[in-house]
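Both complexes shown next keep subunit A, but they swap its partner, so subunit B is in the first and subunit C is in the second.
On to the complex of A and B.
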């Protein structure tokens, strides 16, 4: 009897013969049953400022206990963590850290949130799900930084335990997703809508890569879609690209390009648009009504917070986010 | 030598006990060829 299985976790939906490993490198068919190879085996564990994820409207100034395992559902040519995301689980050092230990260590370190990040948390779904479920019971928040390349059913199930998600919207063309990431745009857009429907606090990150996705027309289109489908209050982070992995031939993103992208986003109607991976005033949160600086940041650190009772301290305008 | 080997096996056994099974059954998949 042939023992073939189909993974239904991400939109790639790998069909796997016996003893074949999925495209994510961390799920294997053994005798007609699909197994995760990375459950409880994070290859990266760290305590980070929540701003590093980046979350700017979710518990600013707090720390996040961050974990990742090997593997990824995509194969982005610009990946900044390719040493672990494009590695087989047996090729990286890992810790033995079952869900209960993750929650215990997060609480011991005084972290208000556990973040599933660095690589793509979808690949360690079972580990993330069990940890998130347990964390909730102990009053610890859960947040993920994801590419959003996940099927609707697992995402809805996970969202019940998620407080926040930062999703990489890498570009707004199918061509970019296909040529540069080895995936598709449509499932990512669908995931964003699901997260919004499920009431998960959502922020978006767009890595601006010279010549590949820095076309202002496309940036404008993306931002108009965000305003229409997700609302103007979803924070968008334009992040500076540095040459990594398979795109070492391109230069870092000029600051002017990021400033232009930010202007296009604000013209499209978005209220909170940030520039990351470079020092600038666009790291601060300003009130969309009175324009005063509400959260002043330097890099990942919060220097001043003028948000009181979820509102601008100066004019009382409600500021979208989870502030306490 | 034998003492160290035995120690290694005992240590590996307890590590395995602590971390549970080496592989966890995945949550979202289906068999494609039930015969």
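On to the complex of A and C.
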């Protein structure tokens, strides 16, 4: 009888029988050994502005070589990339792109960063880890956009090669995570603290979904936790929801809701709060001291950058981030 | 049923029947789903996953490093 294998990558910790694939759809037990099915097989490869991830305080105006494989550790009903995140790897087309080729192509395309994004990079951990390790040797940065649903040990190991992380803090209640995402909130909060401790540049994204997580009391609570545990200088992006996947019955987030959420976050003490997925002035970075616009953006494009030597050009206040 | 020989045969036959029926129930309940599940998973791996060219790369473990 072949022994079962327990995957230790994410907090779900699937126990897999022989030939059984994990909940993430991309890790399999074969003959008592755990394997990844998607190593070197990204289903999405693109060169994007780093602002699209979104990173607003990490090398603005540069491009990122972005990769993703099929699969995800969660099953969010509002997923904006469900066609690949909720697909089996055998059901999507993929490229053969080993780590060395990812780094080579990123350098050839003039990208300063490789981003592990679109789906959940935790599921292609080994691929991401090897690529990140190699990229570092060639002076290319590594950044991931993740849901943060990963165990502490793998995250700490990966963080040694990560320059930046944008984590989706999807809501601030266990109920939302269990009902809408099929996960838990606590491990995500733990991951945020680990990333902070490991010195990885951190930005947060919160997709505001009408009726599900747009309660201002909960938003305020979340922001106060961020200020207390991660500091007031962590940028927070409130992102506009559009009806996708299993939540087609809900309307897009009204601009007023996003503005209110931003106000609540600023009142909680956060310095840099942005609104995404909709054009507004809340895409710009302003100096928390003098209030002047420092980075002016239109969508994913930087129009003006008034940050010099990591500080406001007008009043000299240090602006948190990685600017060059 | 006066013949003790016939009675003995009847008892043995009934016992065998009960044992067979119990074994069948246990197999049906516990063993068959495991075997069926295993065969199904193996078929999917060999006929779908493997044929798609999804090669295997060893996954990492962390607990054994403790």
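Basically, the second predicted complex is superposed on the first by the 323 of 324 C-alpha atoms of A that agree within 3 Å, B and C clash if a C-alpha of one lies under 4 Å from a C-alpha of the other, contacts with A are read in each partner's own complex, and residues count from 1 in each chain.
Assume a contact is a pair of C-beta atoms (placed from the backbone, for glycine too) under 8 Å apart; a residue touches a chain by one contact, two chains touch by 3 or more.
Predicted model, so just to flag it, every value in this text is computed and none were measured.
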Checklist entry - Looking at the overlay, does A:15 come into contact with subunit B only (first), subunit C only (second), both, or neither? => result first
Checklist entry - So, does A:98 touch the first partner subunit B, the second partner subunit C, both, or neither? => result first
Next on the checklist: Once chain A of both complexes is superposed, is A:4 in touch with subunit B (first), subunit C (second), both, or neither?
Outcome noted: first
Next on the checklist: Let me test your reading of the model: by the given contact rule, A:89 touches which partner, first (subunit B), second (subunit C), both or neither?
Outcome noted: second
Checklist entry - A:126 contacts which: subunit B (first), subunit C (second), both, neither? => result both
Next on the checklist: Quick check for you: in the superposed arrangement, does A:154 touch first (subunit B), second (subunit C), both or neither?
Outcome noted: both
Next on the checklist: So in the superposed three-chain picture, is A:32 touching just subunit B, just subunit C, both, or none of them (first/second/both/neither)?
Outcome noted: first
Checklist entry - In the superposed view, which residues of subunit A touch subunit B and also subunit C? => result 7-9, 27-28, 30, 33-37, 39-41, 125-127, 129, 151, 153-154
Next on the checklist: Looking at the complex, which residues from subunit A come into contact with subunit C?
Outcome noted: 7-9, 17-21, 27-28, 30, 33-41, 89-90, 125-127, 129, 151, 153-154, 157
Item to check | Complex contact set, residues of subunit C against subunit A | outcome: 37-38, 41-42, 44-45, 48-49, 52, 54-63, 65
Checklist entry - Where on subunit B does subunit A make contact in their complex? => result 15, 18-20, 23-33, 35
Next on the checklist: For the complex, give me every residue of subunit A touching subunit B.
Outcome noted: 1-9, 15, 27-28, 30, 32-37, 39-41, 96, 98, 125-127, 129, 151, 153-154
